[in-house]
């Protein structure tokens, strides 16, 4: 009867309605930012005056025609570009290295048995489970203790440390679904281990590797807490920049910046999902 | 062709080569600093930052509220903050659970492309920047924010409500951020639900409420517990959300840690606090792993 | 000089509970050049493990594997001159047929021209000319199997190892492939080591069969020898059906032995390997037991019993006869049209005759 009740129209209505509300809860706050980003009102964002692209333009260096527009309240495009550049450099470097490390580790755990494997598996997911703040502090302690000056490099190292675990999870899933006899067949036909990896294993796990890379990239780009602890003075990333902006007081330009960042993240996520569903 | 390695020796070498990067990285950048942190937590803070190498149990003492000297009173303020953090984290868990549990069933009932779309839409906000998500709630809750503006213009209130800088605003923010973490484990569990058990329950005479309580809830319990652990941990150690949505009124352990390390330079104290959080995390993780191992041993998926 | 020789191979696995499984327990085997040798045995008996050790995917704990007297110890799988046809074919899904077949040649960096020529040759050999540009997923099971064969044969291995390659095919396809494989082995002249649990398959295809069980080689002989003269009770039971009676030799007259079975029966068998006083197992195949005495000079021996079941299988009628003490003999009685009136009913007392020459004796284990 529950089945029937679950399938009955009333329940269907209830669930659909709930789904609507649920998605609404998830997206309306973000939608609000989106709407506000076009509001010309620079004094009170919540009160709509007129539609404008100006806030977006200020990010890219354009001037505004608004009379109430005060240039002192926006960040310079050069500064914005600089932090974006930093973020991208960090994200690309960290995700590349962590993809290599994560894939290697995934291969090791998928193809070999060894003492303490269970324990090692727990160790692998530790960076994902531990609260960011603890990770950030640990890294800070290391860098200061080892005498490193905090810079973009320290951020890259810090990101790589926890991103590898994410890549590991994604690539492991892909490896689990792979037919192991293919690698045996390759060896049987005369291919050494490296050749087998290049010609057989890698093509098979490529969607996982790419997916892991994209995931790492986005997480690195978005990271706030860990970066907060290990960034040096001259090495600001986009999220830290936004954080500083938010601390200084809420201004309309943040809306535009936020929307752009959202769109970019969503685009990357969509690409990742598309690649994952292709399976090949 | 005189190679003296056996298959086993070669395998071992490859294994070590593959595992070395991650092991070294994790040990150097995380495990060893964690150890240092443990040591620091028992050291005396230096006058100008740094540490003095004396045995100093008062870091932990301060957390409990032990007075440092005769001029202080027993002041368990830090303990209160920690307990408040636990409370907020628990409320976050409850909030995300109430939100995600019905949602999991909603998605599970769907079929095909619609289902994939729903899953995509639910996980997508996870990729939105943390700050942007917090910022959205700032816009909603502050005195000149969305809710207050709407309520005022509708004439329902005159003075703006104090929605921000309360435990409630912090909890709402955390629920918003951590929803995907609760959703996925619960959903995975609900998806695997064998409806023949539900039918069997009805066949044996149970009404819907009983079936829910006696069959569906227990069967989905693993996902609920798993999701709760994954939500509780980041909620407990969070400092960004209370920093913005809680202001100085709502303090969580994370804020204390941040201040200790970056502002007051009292590393030992911060270390002690961080270890307190780590201890809670370890307890929870061990609990979760042992539960999983037991379930595996029993043959339950 | 021996060709492929396995000497005293040992291999043990640890079980999760802490026990030890002996996959290979002092296995010795001599594979001759150009022969079709089958490793036959039940699942988990060690035959696939042996194959893997020959191929080089696993190490043996003790013992030796040599090719033409040269030890293969330490030689990794990809350097051994053997190729394997896997049970699930293991065709590379991301390569087309031509690239699959040519994989080994590509890895060895054979020139484009020669590689293409040899790939075409191999495809022709297995009857798949023109399939080069197709994908593995587009092929049927039988075709995939042939691609796997071609992929291995194109490299001209010294030994081709086949790991239950026909088990995934349906009956008709399997029978066709059995004939094809046998012919292929002849025409190509490569040694085949074939693993299967299907005894009919083994009997049909092999030059010699090694019956493997519990990590040991139970018997290594030609198919006829395996069937007619099983070396022990396991082989007698595993290959074909057997009726086995334990007994003691009480008299010997020339080649004819009188054996007293557990039921105090006195039966005859012909053998020159045993003497008065030996404990033996008497093996009789169901087709050796007849319902009426023969007349070829040697007096038949006789067993009496009661029919407890009859099973009609189309070409034959299988009778289960209770011969006392709980032992049942299985008799295969040829079924002919018009036999309806001659149906032997359950409960009938029957006499089962057999020629002493047809009986096979095995030394009893445990004296």
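Letters are used for the chains, namely A, B and C, taken in the order the chains are written, and counting of residues starts over at 1 for each.
The rule is short, and it goes like this: contacts are C-beta pairs under 8 Å (C-beta built on N, C-alpha and C of every residue); 3 or more make two chains touch, one makes a residue touch a chain.
Every value quoted in this text rests on a predicted model; they were computed, and no experiment measured them.
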| item | value |
| --- | --- |
| Pair of chains joined by the greatest number of C-beta pairs in contact | A-B |
| Identity of the chain that, by mean CA position, is farthest from chain B | C |
| Separation of chain A from chain C, taking each centre as the mean of its C-alpha atoms, in whole Å | 58 |
| Whole-Å separation of chain centres (CA-atom averages), chain A against chain B | 18 |
| Overlap residues in chain C, where contacts from two or more other chains coincide | 56-57, 76-77, 79 |
| Multi-chain contact residues (two or more partners), chain A | 193 |
| Touch list for chain B against partner chain A, complex | 11, 14-15, 18-19, 21-22, 25-26, 28-30, 32-34, 36-37, 40, 99, 102-103, 105-107, 109, 116, 118, 120-125, 127-133, 135-140, 142, 144-146, 148-149, 176, 179, 195, 198-199, 201-202, 208, 211-212, 230, 233-234, 236-240, 244, 254, 257-258, 261-262, 267, 270-271, 274, 277-278, 281, 285, 289 |
| Residues of chain C touching chain A in the complex | 55-57, 76-79, 82-84, 86-88, 90-94, 103-104, 107-108, 151-152, 155 |
| In the complex with chain C, residue positions of chain A that touch it | 179, 181-182, 184-193, 195-196, 199-200, 203-204, 280 |
| Of chain A, residues touching chain B in the complex | 1-3, 5-6, 12, 15-16, 18-19, 22-23, 25-27, 29-30, 32-33, 36, 44-47, 100-102, 104-105, 107-108, 112, 114, 120, 122-124, 126-127, 129-135, 137-142, 145, 157-158, 160-161, 164, 168, 193, 218, 222, 224-225, 229, 239, 242-243, 246, 250, 254, 258, 261-262, 265-266, 268-270, 273, 277 |
